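Across the two complexes that follow, chain A remains constant while its partner is chain B and subsequently chain C.
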Partner chain A sequence: MSARWRLVLGLMLVVASMAPLLPLGLWSVARGWYFPQILPATWTLEPWARALSPRSDIPEAFVTTTAIALAAAALSLVLGIPAGRALGLYRFRGKALVELALLAPVIVPGIAVGLGIHGVFLRLGLTNSALGVVLVHLVPTLPYVVFVMSGVFANYDAAAEAQARSLGARPLQVLWHVMLPAIAPGVAVAGLFAFLVSWSQYILTLTIGGGRVVTLPLLLYAQAGAGRNDQAGVLAVLSLAPGLVILALVARRITGRGVMIGGAG
Partner chain B sequence: MAGSATSAIEVIGRGHPWLSLAPALCVIAVLFGGGLVLGLAGSFGMGRGGAGVDAWIAVLSEGRVWRSLGLSLWIAFASTALACLIGLGAALLLRRRFPGQGLARLLFQINLTIPHAVGALGILWLLSQSGFVSRLSAGAGLIDGPAGFPALTQDRFAIGIIAHYVWKEVPFIGLILLANMQSLGDDPESAARSLGASPFAAMRLVLLPLLMPALIRAGAIVFAFSFGAWEVPVLLGQSAPVALPVLAWQRFTDPDLATRPEAMAIAMLIALVAALLIRVAMVRR
Partner chain C sequence: MTGLTLDRLSLRHPGAARPALEELSLEMAQGEMLALLGPSGCGKTTALRVVAGLIQPDSGDVRFDGASVLHLPPERREAVLVFQSGQLFAHMDVAANVGFGLRMQRRPRAEIAERVAEALDQVQLRDLGHRQPHELSGGQRQRVALARALVLKPGLLLLDEPLSSLDAHLRGEMRGLIRRLQRETGITTLVVTHDQEEAAVLGDRVALMLGGRIRQVGAGAVLWNRPADLDVARFFGGCNFIPGRSAGGRFDCALGQLALPPGAPEGEGCLTLRPEAIEPGEGPNAVTVQVLETRFEGLLTRITAEAGGLRLEALMRAGAARGAAPGRALRWRLPAEALWVLPGV
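So, the complex of A and B:
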């Protein structure tokens, strides 16, 4: 295939990828954009002003979504780094079974377990609370972090730890000065994408949050359903933002393995 | 890996891997395992004063459930097949150098990060009868009004839903295949070419079989997701029949609490399909 054809096909691919984002962006700066207008007749920042005004519930939802995603990502890292280390460095009986147990939450759809988890959390008093939502978000985020970190540790030279120990470093010093610098880039990627996976959740948030914990995706559907397309457009653009920032930060680090686990969710 | 694994065991052999795994496994066991067990128990009516198979009989004998199952399977099959096919084409395209390749790759990655709810709304506003493409058609004089544009969203064939999944998952499949192609290198294909194979034959008979394991695993993830996601069909699907996850949610939120066991039974049906997928595509043989 000639270079020109590649360029044309590549262009088509990019246009198709970007096309659904166009009406979202346009609605966020339009007033009364009706058929058959191809572009809005009136361009305005009014939807943004209204969305960010004190009477809007969007700023609060933004803070809630961010806080939940930060907490879910942090918890996933705390639990997932040791597990990833075990899977990446050791061979042991039952390892394949462990990997399968961690893969299952990635494959089994949220609604299939969410309704049952609602029962668990009802007994624990965790429904309708942000804490419950953070915990339920671990179902998709934790396996993701474990798999990314196991890939990181598979390429980690643990012999350096022994050398540091033989030179007199204490175990905690080894963790801090030897292991952490070596795995830091992987931790960053795992954490950022765990944040993104939590940020994007809908049905688990709705099931456990019961509509009391209002995140951006929930508001997005509420506004679109109410026909307030300008507010839905603003919400859509806001929801896109962290993903674009994170992609810009880690574009070169996206590998098949990381994509494999996190991309579909 | 073997070398570093051996030395690692010698070096830090004091701790046991199960100790490091325990916290993560406990969380998954309680949340995921607990969710499945309670869902299963709930589908048999346990926890509300009796146990029985009433909900299962009701669900399995209801035509609406089977129509929803059929619809969800159609969505999953069509989305997975198209995403794999176009994803493979995109990977083959993006692996060779051409002007703007770097930018194309970057833009290609963007919709991996887009929440499904956002993408689904974008597809709705793009493809609906008063959407962006319809307006472009009207501007070009192809149609007179919204009714002249074909129903691509909330339609009988779930075109809008499938369009969303294909749009979202082509980069997912494509990037996994690209990563695999990079680690394979050019050697297998060059060898086939030097033995007289045509470029197409080298691709079909040498490269494709090498990519197949990765493609099957990635395809299984796409299938499971497009089969079981709720936010996409709820926005882009028609009101009857609804996709199976939407039906489960309707039963779960029904004011009549008696339908809850049915919701759980439908949720277990969805989990069962996912379990079959894991068995077929994921377990190493």
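So, the complex of A and C:
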């Protein structure tokens, strides 16, 4: 295929995947936009000004969402890296079953998971708190981290660690100087996945947070449901922001180039 | 320099039918270089890992200079293991790789730089400190791995098949380097190999390991020419085994009475001689053989012959093998000094 065709097809793909998002962006800068107008009649930054004003709950929700997503991503890395290591490096009885169980939260509808966990969290006093929301976000984020990391560890040569031990490295030094540098690209990808999955959670945040923990998706659904297209537009753009930023930063990594893992045999 | 004692080490990997190590005992003097030789799967790498502290044995003891080190983790043992593949850290350049162990000890930067340069000098890679591992050839990688161990001045150096990943022409060079460095530094070195020739060249002594235990230890030539038992003889390519009885320096068998070298074991046994020791022609211990088959093996020709109802195999150079055609009768001399008796077989 010629380079020109590749470029054209690539652009078409970008346009096709971005097009549905376009009205959202337009809503956030439109005043009055009705069928059959193709573009808004009047342009305005008024929705943004309102969204960012001190009276708005959007800035606070933005901070809350970011903090929860960061915490959920960090926690799922802490739990998911060792789990991925075990699945990637070792063979053990019932491994397929464990893998299926880890995938289950991705298959089972979030509402079912949320309602089930709600009862448990209620008894533990974790409902209506940001901590509870962070914990319940692990349900969808952890599988991604575990599967990315088990793939990384499947290509990882643990003999490098034994070699480091023999050269005088203590276990924590091995972790820091040998394992982490080798799996760093995978950790970055897994962490970003976890962040984005947590960032866009709605049902689990609503059931466990009980409306007290307000994140951007909650506001987005509320505004969209209330027919406030301008505020919904602002929220949609804000919700998209980290995904786009991250995509721009790591596009090269995700395509596989530059991901190098393990020792040089 | 550390003396090493392995005292009746036993180890069975979980789920394995046979133990990897079975009552393995071995003694190494300070500054000695010993080659641990054995076929793949005989447990020699496992033994090396036990010494390095990477695996705990089920029973038995590992002693450095007489003191047990079993309770010490690998990083606190005076032994450094160099892995078969070299195991260079891909995210560090050559100098950082070599300096790894010193950095783990938190040595001052200047000292590390100095000792790294010295170690790279030793393995003749002085100018490659800034290369990345993937830019190196196989031989260079192996030398970096060696430098990374030597820079720590370990009491005991453990080399796991250091030459097996190298091309044939690099092997000789690397072999010479390892020998020279060992002589210069005097570090007690245990090298594991499956290659008989490598073991003979590298080791002051060779220890043959079969099925999890040491079967014979000694100079290379002793293991070749004076095997302790049938398995040892077979491992070294022995193929001529003649049952009979040894008495008073003579061996009674189907080939008649053969003269033995002094010191040969007495009694019922099995006579063995290496195929390349057989010479064509008349002389003491000459026997008449009927050639069954000849096979060209490059430098040497393998001749299978029959005498007194026994099969004999000889390896001869092209000149000596001339005239050996299937069906022909020849006179072969079995030199007394090449004969050995395996008692009680």
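Here is the rule we go by: the second predicted complex is superposed on the first by the 237 of 265 C-alpha atoms of A that agree within 3 Å, B and C clash if a C-alpha of one lies under 4 Å from a C-alpha of the other, contacts with A are read in each partner's own complex, and residues count from 1 in each chain.
By our rule, a residue touches a chain if its C-beta (ideal position, glycine included) is under 8 Å from a C-beta of that chain, and two chains touch if they have at least 3 such contacts.
This one's a predicted model, so the numbers in the text were calculated from it and none came from an experiment.
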Contacts of A:Gly210 with chain B and chain C, given as first, second, both or neither: neither
Partner chain(s) touched by A:Pro40 [first = chain B, second = chain C, both, neither]: neither
Partner chain in contact with A:Ala159 - chain B first, chain C second, else both or neither: both
Partner chain in contact with A:Leu167 - chain B first, chain C second, else both or neither: second
Partner chain in contact with A:Pro181 - chain B first, chain C second, else both or neither: second
Contacts of A:Gly119 with chain B and chain C, given as first, second, both or neither: first
Partner touching more residues of chain A, whether chain B or chain C: B
Intersection of the chain A residues that touch chain B with those that touch chain C: 157, 159, 162, 165, 260, 263-265
Complex interface listing, chain A residues touching chain B: 1, 3, 6-7, 9-11, 13-14, 16-24, 27, 34-38, 79-80, 82-83, 85-87, 89-92, 95-96, 98, 100-117, 119-120, 135-136, 138-139, 142-143, 146, 154-159, 161-162, 165, 196, 199-200, 202-203, 207, 217, 220-221, 224, 229, 232, 236, 239-240, 242-244, 246-247, 251, 254-257, 259-260, 263-265
Interface residues, chain B side, partner chain A - complex: 1, 4-5, 7-12, 17-18, 20-21, 23-25, 27-32, 34-42, 47, 90, 93-94, 96, 98-101, 103-104, 106-119, 121-126, 130-132, 134-136, 138-139, 145-146, 167, 169, 171-172, 175-176, 178-180, 183, 214, 217-218, 220-222, 224-225, 227-231, 234-235, 245, 248-249, 252, 263-264, 267-268, 270-271, 274-275, 277-278, 282-284
Chain A - residues contacting chain C, complex: 157, 159-160, 162-170, 173, 177-178, 181-182, 260, 262-265
Residue ranges of chain C in contact with chain A within the complex: 49, 52-54, 73-75, 79-81, 83, 85-91, 100-101, 103-105, 133-134, 141, 148-149, 152, 158
